[in-house]
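One chain, chain A, links the two complexes that follow: it is found with chain B in the first and with chain C in the second.
After this line comes the complex of A and B, so read on.
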């Protein structure tokens, strides 16, 4: 799992900067932030969208694509914020790389949000066809 | 509120400081000195340091300081004994010693060759609980012309009992005005030397040798010579590997990183950088326990060697920890780590062999005479005013002292580092 996250992040933002922080990013920050935001929180947000907002709540008020996009953006914002927060928590050397990493994390959260959507949407009462 | 926050912050930082340095053992230091023998050579050649008429010399002031330091520290020095060394070493009363030092040396004795005096000290004035402090100009003129080639062996033989007893020697060099007759040793070519009267326009060196067990020598040096002497060397100290480690974030180039907090293995993702000489890093060393002559920036710069297996590397720079902290752009995370080290060595990797095998670097410091000895030694002291403040064959005297100890033939330290490709 560590290597998957390392591959994903370094694919778009390159090796950690400054290089001395490489072990910290690769063995702590990448897997922790990836696991929590991309997998856990994103899956939770998708489930909330499809099975709380569009299932338990009976009205089809939130079934439009822009509602879906709104939740995706909220999830991306959480992914961005959590990445920055987690870097600071681990006292990583301040560098623009922290923000590049947060952007990458937000980007991947959107990708994962889409993937989880495709996976979960079919059992939703009101949003089985959202976003398409 | 700010006060409590600040003090809290301080507490945590000082708490983690000890762990950051790992388990560094401080140099051995005796708790107390049982007996300190101060032995001052009073042969004719020393008279110029303690003239009866003219102004005070630096020698008189410095030796008086040393005496005052010894007397002043009753907690650490239980018994202080004073001696003069002419033909033999004789005890002398405190008042007599001080008047001789301050009023001048009225009656100088015959001179005795330095090895004889050293031999007496090594056999009779050294042992458990004793530290002997020998003050002399160390002008050694072998009685026989042909013996001039054997000075270092003469010294080594004289001091032989020290090695058997496991005792160390610290040498401190000073210079002082000299007013009187100077008795040169002569020249290496064996030419006779005539005494130089009304000497000297130049200062003349003299030396303080502190002889005893290492922890006692360290304590005695701290007490007696607290403001460092111009030059110093120690021999016979135990060798322990200095603690060391690569500094992760400062004084570096290339995209390497450390394998762990120990700082002895460097990982690289891209070996191309190694081949192109783009990788450099800084190693912190704690040389606190080393003999002082080895822990100078000059000695390290000149003698420190880095050898590589499966790669090449060179020493780029040697810095004191303070100079490094002030000169480099420090990564804030390194600040605490730097407090563990006294010196920093910047190393550049200049090439690599097989890129799938690690590079093993070996950093070693050969043991040689201190750098300062060349500037303090001469082969011909007949014209001391021309020669300047130099001592006849000093480098051989010190070589003889160093030759006494087997560990002086080995490297002062050898430290290993490795650079490997990360998985």
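After this line comes the complex of A and C, so read on.
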């Protein structure tokens, strides 16, 4: 799992900087932030969208693609914020890499949100065909 | 497989069949596997007749898609020609009886000029000059003495022979006629007499002569404006009815169940003797008359095998504006649920469904494309919204006629207020029947009906289930 997250993040933002903090990113920040935001929170947000907003609550008001997009953007914002927060928590050098990392995390959260949507949407009562 | 042959004679016959078609569209049950209406009216230009025919044709196309399990449009209403398995075109492919265009006057029809003088004198005693010179293309203009002669042609017609060929033991016959006009008053006893004749020369005459036959005789329920030029005088309706009843008393044999219905005429109709201008608004009496067909089919064979059963219709409460509350439970039980369900469906289809683009069920059924290209949806919209003969036009006519039938609030956009006098109760937690609630239920039904491959049939079934759910769980008891 560590290697997967390392691969994903470094594919977009390159090797962590400054070099002395590379091990910290690779061993702790990438897997922790990726695991919590991309897997846990994103899956939770998808489940909330499809099975709370569009299943348990007896309304079909939130089934349009733009509602789905709204939740995706909220999830991306959480992913961005959590990445920044976690870097600060680990007292890494507050340079631009932190923000590039947060941006990459937000981007991947959107990708994971889409993938989880395709996986979970089918049994939702009101949004089985959202976003398409 | 039992069939029901319905002979709708004259303008009233056609109008009652129009209401009958609407009840069948709503899914009112009838104990027959197949219903074959045959409209008998020489006045082929009659607007009432043509509206009924258009409605029945549309119904038939919708039933072909909806099938027998979809709730709405479930009864198989066929043309006589549909039983022509050989396809040799023995009868016209129509709901109407083919008189072949009687393009002549009554005088010409009976070859008056070729009669010897004594016979001519006798004929002139029996018929007025108006009768003799009257063109038969617009019917018999309220003259049963003319009709009883002309309609004799019916007995030797290909349609009646074809009907007889396809009649099977267990099938039933129902005859709709008015007693105060021309075509119905003449045609009913004539038809009955011939059907009951085991030596009529028709195929299966034995089975037909012993078949269960029911009939409704509609007594006066509307008046006509007095016009000097018109040959029809509605002041004579009561006299004609009394005379005809006296004739029926002594000569009407072999009917198993006979229904009577009448009403006090209120605002008179325009006096149109026939043709394209005879276009009367739908009336409550016609709707209730249509119910007699359903009622007749409810009886077991043993119940009908004794003396003739006579029925008259009564309202629970007299009122110029009839709602479900003014009808007895037997009637509301028979039609209330289905009419309310169909109205909910029709209203939603007309006013709300286009706003559902993007919703789950809408995308699943690809309704954007279906509304634009699918003939089923074009037909359905036609059936519901056609201004001449559609469902809403029918309700509108019923509501503006006197006496009026106003079971629904036609102007409201609030589904909770749709049934007149029966608002759906609401609270902070229960919003009643809402657009959003409809979508949620439709989404759910769409998923539950995943085994239904035909999207149009699925569409009808979905609405049938959803409206039934609303009727049972949201609506106050009707």
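The working rule: the second predicted complex is superposed on the first by the 132 of 132 C-alpha atoms of A that agree within 3 Å, B and C clash if a C-alpha of one lies under 4 Å from a C-alpha of the other, contacts with A are read in each partner's own complex, and residues count from 1 in each chain.
Here is the rule we use: a residue touches a chain if its C-beta (ideal position, glycine included) is under 8 Å from a C-beta of that chain, and two chains touch if they have at least 3 such contacts.
These numbers come from a predicted model, not from an experiment.
Chemist: After the alignment on chain A, I want to confirm one thing: do chain B and chain C clash, or do they fit together?
Modeler: These partners fit in the superposed model.
Chemist: I'd like to know which partner A:18 touches here: chain B for first, chain C for second, both or neither.
Modeler: The answer is first: A:18 touches chain B but not chain C.
Chemist: For the overlaid complexes, name the partner, chain B or chain C, with more touching residues on chain A.
Modeler: The partner with more contacted residues on chain A is C.
Chemist: Considering only the touch criterion stated at the top, classify A:126 as touching first (chain B), second (chain C), both, or neither.
Modeler: Touch partner of A:126: chain C, not chain B.
Chemist: Per the contact definition in the header, classify A:59: touching chain B only (first), chain C only (second), both, or neither.
Modeler: A:59 contacts chain C only, not chain B.
Chemist: Write the angle, vertex at the C-alpha centre of chain A, between the C-alpha centres of chain B and chain C, to the nearest 10 degrees.
Modeler: 180
Chemist: Between chain B and chain C, what is the tightest CA to CA spacing in Å in the combined model?
Modeler: Closest C-alpha pair between chain B and chain C: 49 Å.
Chemist: Across the complex, what residues on chain A touch chain B?
Modeler: 15, 18-23, 91, 93
Chemist: So in the complex, the part of chain B that touches chain A is made up of which residues?
Modeler: Touch list, chain B to chain A: 248-249, 252, 254-259, 267, 269, 331-333.
Chemist: Going by the contact rule set out above, which residues of chain C touch chain A in the complex?
Modeler: These residues of chain C touch chain A: 358-360, 363-364, 436-437, 439-440, 443-444, 447.
Chemist: With touch defined as at the start, can you tell me which chain A residues reach chain C in the complex?
Modeler: 58-61, 63-65, 124-130
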